[in-house]
């Protein structure tokens, strides 16, 4: 299989610029912005692999965030180009877990690592099982244990 | 005189603290936060006068913002207490206009003045007429022409 | 000791309202807002105990966030009153750990639990030891192991 | 001259995607996000024309926002691609005025028009004259009266 071994390196990434509005008075990107970047990275990861989050939602499914972990390694500054690498590490009908690496493009320095856990919910916010239509492609893209 | 002297001064205000996350690397509150404060002030103005924005929305009506004006007078800093004074100056079935004064509580200095124009919309986002149930109380609270 | 036993329950809390701008299209407060609320709760916890974050910063010290954990338990909605309870559970010269409980005031339901780890840094962003002037009061307020 | 006549159409633009975090419970991008997009567009406009906002700040100059105007024409939705077109319409030593058009890329529909007025300030926040080093290139790129 072509993707075995270094599968995660070929996952689609997102590149974004740190916005001025995202800085705080310490002169760095505020820590609450990283979950927003991870979310944007996750959406691009899905798009790059042929999965549309808009289509998930059109099926009446939200992937509500049930847990968030972040480890901040180096500050990100205004105008830095940041690469958000996303990986799906758990894909079950009631739980998805994504992991992220945020890297400054100019010097490849690691800015942060993080994870989000998601629970599929229906429009009323109740937890539901992800239907096979969506569970199967997610499971096929899952890369546990790297 | 309709306004009985200083009517607008007795309108309900909101006091809020500038959050660290709201600062930017210039060391002041970022200019994009002011519309958020104005919105919060507007919601408290409504609540204080017996109008609930949740109830407006429960009737399938949103007050979509169609225009925004802001004049920044002095910087707001982390942890400043800011008073948001809100006034309704136009109340028609298809248009509401609110004006705002943001004042630093510690020294009464004027931080900003602003305005928002709102168009009543239905759940699909289409403009609609505000029903009498809501237009009448808004019109009764309107203080044009200061 | 007067505060032994239920010490943490008497720690200063912050009450805040969920802002409209903080909601997302799922109709709930977006998960990236919770770190902002936790930060605001931490600042009020400090103020309530006689510690000013502005004074910490005036001494050239920032408490940079090095890790963040959040577990989302129930959705928060626009206009909900949320109580942010903050507790300091580790206070060492190079590391502070705070834990948080976010509770909806109207029905006491648990919205989220979280934690932040902080590293004292100097104005250039380099890790430093917290001087005794600040370490001592933090240590005195620390409530490990509840 | 190639750029005469329709000069402004060749100004550098920014394309961005509406982030999920930028939506609100009306299902559209919240109105407070537009100033953030305009700022990001302005930074890219500068970069595309050989001006670096980081270099402006490195010279101890901030372009503080003193006024903001926005007219919202159509809603922007999650995942929409938005083009931010920026134009400098006034360039004086104590005042710059930028105007913006935000257009949805998929159907060319106008989302919003806006403007920001900027006052050059020194690191203490005091208004200053823009030195010739910066005023001249800004003035050369100014397109009043289109």
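The chains carry the letters A, B, C and D, assigned in the order they are written, with residues numbered from 1 in each.
Definition applied: a contact is a pair of C-beta atoms (placed from the backbone, for glycine too) under 8 Å apart; a residue touches a chain by one contact, two chains touch by 3 or more.
Predicted, not measured: the structure shown is a model, and the values here were computed from it.
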{"item": "From chain A, the most remote chain by mean C-alpha position", "value": "B"}
{"item": "A-B or B-D - the one linked by more C-beta pairs in contact", "value": "B-D"}
{"item": "Intercentroid distance (Cα basis), chain B paired with chain A, Å", "value": "36"}
{"item": "Approximate Å spacing (C-alpha centroids) for the pair chain B, chain C", "value": "29"}
{"item": "For chain B paired with chain D, centre-to-centre distance based on mean C-alpha positions, whole Å", "value": "25"}
{"item": "Per-residue multi-chain contacts in chain C, two or more chains", "value": "20-21, 26-28, 32, 35-36, 39, 78"}
{"item": "In the complex with chain D, residue positions of chain C that touch it", "value": "20-21, 23-28, 30, 32, 78"}
{"item": "List of chain D residues in touch with chain B within their complex", "value": "26-28, 31-33, 35-36, 39, 62, 64-72, 75, 125"}
{"item": "Of chain A, residues touching chain D in the complex", "value": "17, 19-21, 35-36, 39-40, 43, 53-54, 78-79"}
